[in-house]
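In what comes next, chain A is part of two complexes: it sits with chain B in the first one and with chain C in the second one.
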Partner chain A sequence: MSAIKAGGGSEGMKPVAVVVGIILLILALGVVYYLSPGVAFMGLLGVVIGGLLIGFGVHFVPVGGAPAAMGQSPGIATGVTMLAAGAGLAGLFGGAWAAEYGLAVALAGGAIGGGLMMAITCLMVNIIYVYAMGIPAASGKVAKDPITGDTFEAYKSQGTEGHGLPFISYVGGVIGGILGGLGGTLIYLELLEVYETFLPTLLNASPDEVKALAVGLAGIFAIGMFLVNAVIAAYNITGTIEGPHDPKFKRFPRAVIGCAVASAVCGVLAIFVVLV
Partner chain B sequence: MEELLFGIGISAVAGALATVSGAAEDTESDIGSQGDPNSQVQLAPQMGYIHRIYSKAISGEPPAYGLWCTLGAGLAWALMAINYNPVLAIVLGSAIAVFVQGVYATTAYLGRTASLAKFEQPVYIDLIKSVTTVTMAHAFIAIFTCVSMCFLMVNALGHPFPLPLLGIVWGIALGAAGSATGNPFYGKERQYQSQKFGAGVPISASGNIVRYAEAGQRSSLDNGWFTSKMGGPASGVCFGLIVFLELWRTIFFESFAAGWGAVVAGIVLIIIFMIIDRMVEKWARKTYGPYTEEKEATA
Partner chain C sequence: MSHNKVLGIGLIGAIICMYLTYLNTLLGVQYFSFFGGIAAVFALWWGTDTIKHLCSYGLGTGVPSAGMIALGSGVIAMILATKVNTFGPLVIPVLCVVIAAILGAIIGYVANNIVNMNIPVMVVSIAELCIVGAVTVLGLTAMATGTFVFTDLIAGTATFFGIPVTNYAASYLGGGAIAVVFMLGAIAVQHAFNACLGPNESQDRTLMLAAECGFISMFCVSIMSVAFLSLSAVLVSFLVSLIGWVYTYKKYFVLSKRDAFMWLDAKPIREKEEA
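On to the complex of A and B.
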């Protein structure tokens, strides 16, 4: 079944592909566990969980693509991957800054950074639609907003599938930003710990001397893995999505499996840089 | 206290730089037609509407600005490593990144437009000469301000990421904020200026973009003039708010409750923005009203 025709839930999942993916995932975890059952294995687990969070979070982000730019469909008028990446990386910025306060504060800081970026962006999108274009928000996928109860059918202008960002899409955008920021920060922090542990031995240098290199490596791998997971989720969505109320949202299990496998493979490569 | 005031001052400067960066980014992308509305610029000749609009959308704004800001930041970082003055290093880094942008814009316009040859869309050489340099000028402002902002984050506020890495992070975020906020204004209000105000463009009108100006054919420079009045500033406010509030909540509240203060401040800000959004949404529904009878819609 093609990605376009895939429905929700487990529909569209090929059993063979799922089994191969799970074998790859177990293999990646097994290899790292065999080489370093402590820091590296926990690091890889964190990377996989971070990837899952990113893949899941992207499905919440309301993206309308090109039609949204003409007020022809609801959502934010840009691409799924890049909007999610923008929010997630803004979160990563905050999370990395708060790393000195410990894992919990850094993760929360990253999550809130991503959520704040989306909260501001979604608000400005609605301000443009309402005050610059004179267009009220209307969903094309549901008759009523599941949160506010607003009806949409009468608020859709003629010949369009809806426009703007209804409140449920706004909330979805913020949740997507939070999950993206959380996942990206988790990947960064786990990789940073791995590099800070192994780099001093590898380079025969003190921890302070390798600090900058560890931060740089963890940061660039975290950004790379964020984009890998966001692209996988975007392929799963195929084009546009309005948020958690969109029928396409139910496709997320497939992306979650794909992101777990991709994160594990990428994570192994990122860890092998210092482990092998 | 002095350190706190310094931090807030730097946050304000970074926020101001981000605002200019966002406004320049959106105006640049509208003049070059790089955002999502470019689908209509590409579609128009296929529907028989030949035009003189620039077209350089061979990638989205976020990855493009991710590249240019990273180039600018990376080159500035390298020049500073060999003891160049930071201001000169950032100017030189941004200038070299802009030349890459210029090459990208030229090849993108030639490639995209030449692909429409079978629909009789000409490649206008004078457009390359007149528009490319204007997009480059706007791109320079966007890249220079973004890299300067990243420099302040590293050197004045002590963010652990190196300058090129911050270039990627904020370059992608800049493109995401600019395209999200500015694209609908450029797409609906400018490309489809002939359509009714206060409604989306009917799907049946796709491709029928406005091609004529008060005198002669519309130029992409006219589009920049138009969007710089609303889409550009709004994009600037969007990116400026993101940068300023992210820095402000961290610097001002991080010392409370072992770092949790910044998290709580972020949550409060998100809730405030959510409430404002709901008020805007309700105001629009009440003021503009439905397009058709509610009863008819629910039937």
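On to the complex of A and C.
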């Protein structure tokens, strides 16, 4: 019994499954368009786009897992879900603070929050790798860093898949954090708008009274959807990934479709709370 | 014990306990809130076995991811179920299970077929985990507030110049207390198998740790419920969770000693006596 070793996760796509997924996606959008073509439909569209961004963004984050903690593979030494949740929730909080300054400022706040969190994480990880564990950064998947042109071969220890956090992985981590934070914030803002529109009539209360309730509901739904999307992307990666230069990165279309379907279905249920 | 037996006991036990919390509304008291916590313990106990079942195929992402997707999808299904009031409040626990099963099956299909994991038990396991997440949050919610009806979860009361007024910000959902329950459930459902996995894993020990995690979550929720329930009801919840936790912890300790190769009772370091 092994919880670390990847068993599933074959290459390629199943056309039938993709078609079924797209039908589910269209069905979800159609139901909400039928019930409320205005705010709720735009909200669901935003939720789906947010899910897409999260699913795509997770693939950039250099995840090392348990082998990285022992200096046997490159990346940050924890699981995909934890890293994605950390970056996304940091972004979500950053964006939620700025929600009252309009969509653009709030989205920028979310993206910067997520990116900043990943930048700090990657920096501290590298400091620990280099100065505490005494291991240099060397990628196992490519011979030369695509950005700086540094060669890795001479620094790579035998019997490992590389170690440390190369520059390209650092850049990937920051891009992943930005996309994750952007997606999480977009889901939150769209749901917040839906609830702020529908809750006053539903509860016969003034918009100011239900503000806290709308924030609470949108927040918990955004966290739930973020985790669902992050885990689906994590299943697509199956374990470890080095960043955008890793061959596993090419698998991202599957996760993008999967996250779109999953967030559409979750989004429909979240919007039904005020429509049914 | 076979997985189906664990599933049956967990699901039926959780639903019966959810209905027992409704005695609160029928009798006009709050003492029966703790049954919600017991429902969550049943669900977590079952969820741990499901995670063990799923993770034996090797997900490659670690055990915590399964707990996160369980609660992440479960909380969405649970809030929707509490809101649907066309059939009266008594269908909410069953409706919660049904909505969670549908949502979980869709997410399981996405993970298994679109993302191409190709794990035979994936769809069923994610559906089960989604139900576990939904029932756990519903149970702990009922324990914290004494009810599982949406209109009661969103309405809190605040005293304004001595007059009680409805204040949505002081409610369970408006105040964000559900986020704490969410995390308590997510940690409790994944911890037991994550801690016990390995070649020496035995089912009774893992499931005992799951029950222990459930009771310690109940313990935290009973403290949270001070904000929503009367002090005597809180005291009942507090004592039930304390007794449950002490019992399961001691049992787990005994089982750990049984499974261990060797046991050395370490003594405190003694001061060297001055001659």
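Basically, the second predicted complex is superposed on the first by the 265 of 276 C-alpha atoms of A that agree within 3 Å, B and C clash if a C-alpha of one lies under 4 Å from a C-alpha of the other, contacts with A are read in each partner's own complex, and residues count from 1 in each chain.
By definition in this document, contacts are C-beta pairs under 8 Å (C-beta built on N, C-alpha and C of every residue); 3 or more make two chains touch, one makes a residue touch a chain.
If you're wondering where the values come from, they're calculated on a predicted model, not measured in any experiment.
**Q** After the overlay on chain A, what do you see for chain B versus chain C, clash or fit?
**A** clash
**Q** Which holds for A:Val171: it touches chain B only (first), chain C only (second), both, or neither?
**A** first
**Q** A:Gly216 in the overlay: touching chain B, chain C, both, or neither? Say first, second, both or neither.
**A** both
**Q** Counting only touches as set out at the top, which of chain B and chain C does A:Gly65 meet: first, second, both, neither?
**A** both
**Q** Is A:Cys266 contacted by the first partner chain B, the second partner chain C, both or neither?
**A** In the superposition, A:Cys266 touches chain C alone.
**Q** Which parts of chain A are touched by chain B and by chain C alike?
**A** Touching chain B in the first complex and chain C in the second, residues 65-66, 79, 82, 85, 212, 215-216, 219-220, 223 of chain A appear in both lists.
**Q** Quick check: in the complex, which residue numbers of chain C touch chain A?
**A** Against chain A, the touching part of chain C is residues 55-66, 68-69, 71-77, 79-80, 83-84, 99, 103, 106-107, 109-111, 113-119, 122, 154, 167-169, 171, 173-176, 178-179, 182, 193-194, 197-199, 201.
**Q** Per the contact definition, I'd like the list of chain A residues that touch chain C in the complex.
**A** Residues of chain A touching chain C: 1-14, 16-18, 20-21, 24, 65-66, 79-82, 85, 203, 205, 209-213, 215-217, 219-221, 223-228, 230-232, 234-239, 254-255, 257-258, 261-262, 265-266, 269-270, 272-273, 276.
**Q** Provide the residue numbers of chain A that touch chain B in the complex, in ascending order.
**A** 65-72, 76-79, 82-83, 85-87, 89-90, 92-94, 96-99, 101-102, 105, 108-109, 112-113, 115-117, 119-137, 143, 148, 150-151, 153-161, 163-167, 170-171, 174, 212, 215-216, 219-220, 223
**Q** In their complex, what parts of chain B are in touch with chain A?
**A** Within the complex, chain B contacts chain A at residues 35-37, 39-40, 60-63, 159-162, 165-166, 168-170, 172-173, 175-177, 179-189, 191-192, 197-206, 230-231, 234-235, 237-238, 241-242, 245-246, 249-250, 254, 258-260, 262-263, 266-267, 269-270, 273-274, 276-278, 280-281, 283-285, 288, 290-294, 296-298.
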